[in-house]
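Two complexes follow with subunit A in common, the first pairing it with subunit B and the second with subunit C.
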Partner chain A sequence: MTESSVDAGVLARARARVLGAASQPVSEPTPAGLNTASDGERLWLLPVWPDGATPALLDEYDTAPMPMDRSGQARRVLAAALRCCWTRLDDAPWPGEAVPVPAVLEVYAGMSRGDAELARRWATGELRRLSDTGWLLLDESTGVVRPGPRVALWHDDTLGPLRDLLRRLPEPPQGVIAGE
Partner chain B sequence: MSELFEPLLRSYDERRRSELVAAYMAVEHAAEPVPEARLAALREPASRRTIEAMLNLSGRTLIRAGRTEWTSGYQDEVAEELARDPACAVLAGDRAVLTLVLIHSVAIPRSTGRLPDDTWLSPFPTPLEELRRRSQLAIGELESALRRLRLAGLVSQVRADGRSDNGDAGGFVPGPQFHRLTPAARRRLQEELILAAGPDSPLAATIRARRRSRERVQQEARAHVAREAAVQGENS
Partner chain C sequence: MPHHPSEPAASGPPTLDDALVGEAVLGVYRQMFAALARDSGAVVDDPELVDVAETLLAAFADAGEEGLSREQMRYVCRRYPAEVFENRLRVLRGLGAVREVFPKPNQLRYRASFTSVVGLMFVRRMMLDGGQSEMHRLLALEQLNVADPRMTPEQARDGAAGLARAFRLWSVELLTLTNGTIEELREQAPKLWGTEEILRRAERLHGAILRRWPQLDRACTDLRTAIYAYGDASRRAAARLSDSAGTTRNLTLLPPETWRTFARTASRDDLAAVLEGFVFDAAAPWHEPSAVVQAVEDGPRATPPRPAPPRPSVPDPGLSDDTGGDATASERLRAVAEQALRGRDRVAVEDVLTEGWVTARRLLADLSSAHLHPELPYRLVWSDGLAVRPEGSPTWISPGVFEKTDAERSNA
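The block that comes next holds the complex of A and B.
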């Protein structure tokens, strides 16, 4: 190993940005200057922003954030997933519950007009993209999905409208809320 | 929450502080470089120095794009470290697809004078069919690579409509992340592209020669430092 000229804390924060929401075992030391979200076993490293700002600040300056393809659809699928995973709406959405993917697809199909089978197919692709970007955690081998570590960065005082929206969405199929 | 930034922001009043935070968030998260007319803190050299210091905390640096627009990117020495980390490296298949896009959308138009020298953004899309034919990747792998590259802002998709010369045109161009290259990174990429697109060209030979001589200088410098250290060790 050649010795690095870069400060270890600086490099750790740069690395966290490259990797998006990377996780490590909770037992490992946490680099300074990062936010963290833990589910008890793993710890996700998330950015720290000055003075509680979020990228939503860009709106106030007429500045477009990184574009996302089919962002409306992605947001609706995220809402459908949260409808299933965020079972106690008065609590925080993180870490939430793990639920079977078909339950999320069912809620999403109930939110969309038109071909339900097509809606399920679209939503499956969106779940994957939302998982790539840390909004959800999708385990394709077991077919379950749960909230992603990025939702842990949402301030509680901004959650009101989201709670109202989720209450208006179709209910998850029976048994999901009980975690069956 | 913002202990990280506190030492840099402490001395500013509330208004200046919020201008600095807004400019920091804008250069870090906007899709495109932001005009300094829109963000007060980007207009003055003194506050730009504070933004630079805020960015440096995470290995980032302020990058001027055009005359009065700004964005951010990784500092050269940090990018070099990250590139050595296997977890941070872009997958080989994704790199191959990106290289093909750069050759078709940038190198070829540039060599025929249709694109200026120092830009990595291009109005000339690389057709999907070209990527399929040249990348030697199965269609499923190619699609996954393009999905990851688009998500990372490394390529953008251009729709087929609106082009008159060829009905099925459209495809992929370098994405908004290419605004975020430092001058040194742009130079290095330019050299890499010449080596990839014309490995037998005289220009490629010049680049290889220059790199060899630079390595030699670095090796000699390292040897010199080692000798000095050894002498100091003997003397102490």
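The block that comes next holds the complex of A and C.
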């Protein structure tokens, strides 16, 4: 089977499924059967589930979800990142704003107990892992982070408790936000 | 000197794998020399002994016509223990593989036999390729002989008879394997590889002999039946092998070591070829918003939990008498109500609330409680209307009456 005999859309869809949250320029055609999230310049291709369900449905069927190490820590770091990036809580979290990584680390260190330096190191690793799986977009060269395209898959009516939580979390330090 | 797996281990202690390899080598040697040995003791029982002989023969080849003295031979074989060397030299001399340069007493220099080297080369080749490739060689040689114009019908008959005998023995061995245990069959499975090629060559040879010497049809018939018997036997063995592999779906068709070696040495492309053509969704964890909330709330708190208050050093005196129970509260309300009534049956609320609002509201609350208390015989009755009193302490008031209920009045 040669590449030329395969429909370009099918190929793009297969590539998106294999690579996870793959992105392409907005100008390219979108393969059918995928969710999309766009920030205006690029378009992320995301999986689509039947009947509008999310993998959270696995819980109701007592099916083990994708195994994950230290999921609690990863989610706390995600919450810390959203506390910084999702500034207008009445809007959707996607696309959010880009904030410096140190601000997220400060928020996480403020949330957790114990050695703050250790907490920052843990959080840096979790930021990278969350970035690998498309939950955050981490630009290590400029040191900024913003919400990832998978955040756009959250249903709006499930966001209420998360909004309440983010209002309660400590604020990011203003000096770090300003880039000092 | 070619690399030999049973060389004294320069690369770590000997392992079970080494022992296995050594055992296989010994098996070849025993088979090769079983016809020559007077008894089982005449065959080497350690592959290392053959290495001694090979080392010696290589040294003799380098030494040239001078030969080697006993000390030089010992020096060449310095890797091996003295008794092994002595034993080996005695056996080789006894068999004529190593002999004196001149057959006279006190001869110190020795030379090696050409035949032993060729024999050893043959042994090594059999060890590397096994009997099957030797069969290929024999068939190819016989094919050349048949085409040779000097070949006589008698030689051709002998060759065909020899091949027929080899094929018969081979098919008997395969039949035994087919009827034996499946483990043994798996072990000997390499004997089944490439049988098609051998069958084709043998039939070509058979056709060539028959075309050139039609009078040899009897010998050729023998050869033909032997070839077909071999083909049937190998097909049956292969069928049994693939049946057992197909029904059990296990991977023991090859020994576990082979699979392990493959898994370790195969390139990524080889390993991935198994699942070529499948598309997998990239694995990604899912973080539901409620799960994020749960994780933050379960996480360690920034402020440590409050320590428990210190326990009193004196023993606990038990419950106090003042339980704040219903009786106490109703007694207090009754006292407040009686004070407001001052012996009258009813009193206007606005007359009672004369002091400032700060005090009056407390009194009003008590009167309301007395009204609502089911056991106290008081009630508040409000009427319509609203009196606005800009200078008064409550700046507006609805006319109302605080009174004893009938039951209390009749009792009194």
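Definition applied: the second predicted complex is superposed on the first by the 163 of 180 C-alpha atoms of A that agree within 3 Å, B and C clash if a C-alpha of one lies under 4 Å from a C-alpha of the other, contacts with A are read in each partner's own complex, and residues count from 1 in each chain.
One rule holds in what follows: a residue touches a chain if its C-beta (ideal position, glycine included) is under 8 Å from a C-beta of that chain, and two chains touch if they have at least 3 such contacts.
Note that the structure is a prediction, hence the values are computed from the model and not measured.
Determine, for the superposed arrangement built on subunit A, whether subunit B and subunit C clash or fit.
On the shared subunit A, the partners clash.
Going by the contact rule set out at the top, does A:D156 touch subunit B (first), subunit C (second), both, or neither?
Touch status of A:D156: no partner.
Once chain A of both complexes is superposed, is A:L165 in touch with subunit B (first), subunit C (second), both, or neither?
second
Counting only touches as set out at the top, which of subunit B and subunit C does A:G52 meet: first, second, both, neither?
A:G52 sits against subunit B, while subunit C stays out of touch.
So in the superposed three-chain picture, is A:G134 touching just subunit B, just subunit C, both, or none of them (first/second/both/neither)?
Second partner only.
Considering only touches as defined above, state whether A:D62 meets subunit B (first), subunit C (second), both or neither.
Only subunit B is touched by A:D62; subunit C is not.
For A:A14, using the defined touch cut-off, is the partner it touches subunit B, subunit C, both, or neither? Pick first, second, both or neither.
A:A14 sits against subunit B and subunit C alike.
Taking the superposition on A as described, I'd like to know which of subunit B and subunit C A:A74 touches: first, second, both or neither.
second
Counting only touches as set out at the top, which of subunit B and subunit C does A:R113 meet: first, second, both, neither?
second
Given the touch rule stated above, what does A:D90 touch, subunit B (first), subunit C (second), both, or neither?
So A:D90 meets neither subunit B nor subunit C here.
Out of 79-87, 223-231 or 259-267, where does subunit C run into subunit B after the fit?
Clashes with subunit B appear only in stretch 259-267.
Hey, what residues of subunit A end up touching subunit B and subunit C alike?
Common interface on subunit A, subunit B vs subunit C: 14, 17-19, 47, 54-55, 65-66, 133.
In their shared complex, at which residues does subunit B touch subunit A?
It comes out as residues 1-5, 9, 17-18, 20-22, 24-26, 29-32, 34, 38-39, 54, 56-60, 74, 77-78, 81-82, 85, 87-88, 147-148, 150-151, 153, 157, 176.
Can you list the residues on subunit C that touch subunit A in the complex?
Touch residues, subunit C against subunit A: 279-302, 304.
Across the complex, what residues on subunit A touch subunit C?
By the definition above, subunit A touches subunit C via 14, 17-21, 47, 54-56, 65-66, 68, 71-76, 78-79, 82, 110-114, 133-135, 150, 154, 158-159, 161-162, 164-165, 169-170.
Under the touch definition given earlier, write down the residues of subunit A that touch subunit B in their complex.
Against subunit B, the touching part of subunit A is residues 4-6, 10-11, 13-15, 17-19, 22, 32-33, 35, 47-55, 57-58, 60-67, 69, 129, 132-133.
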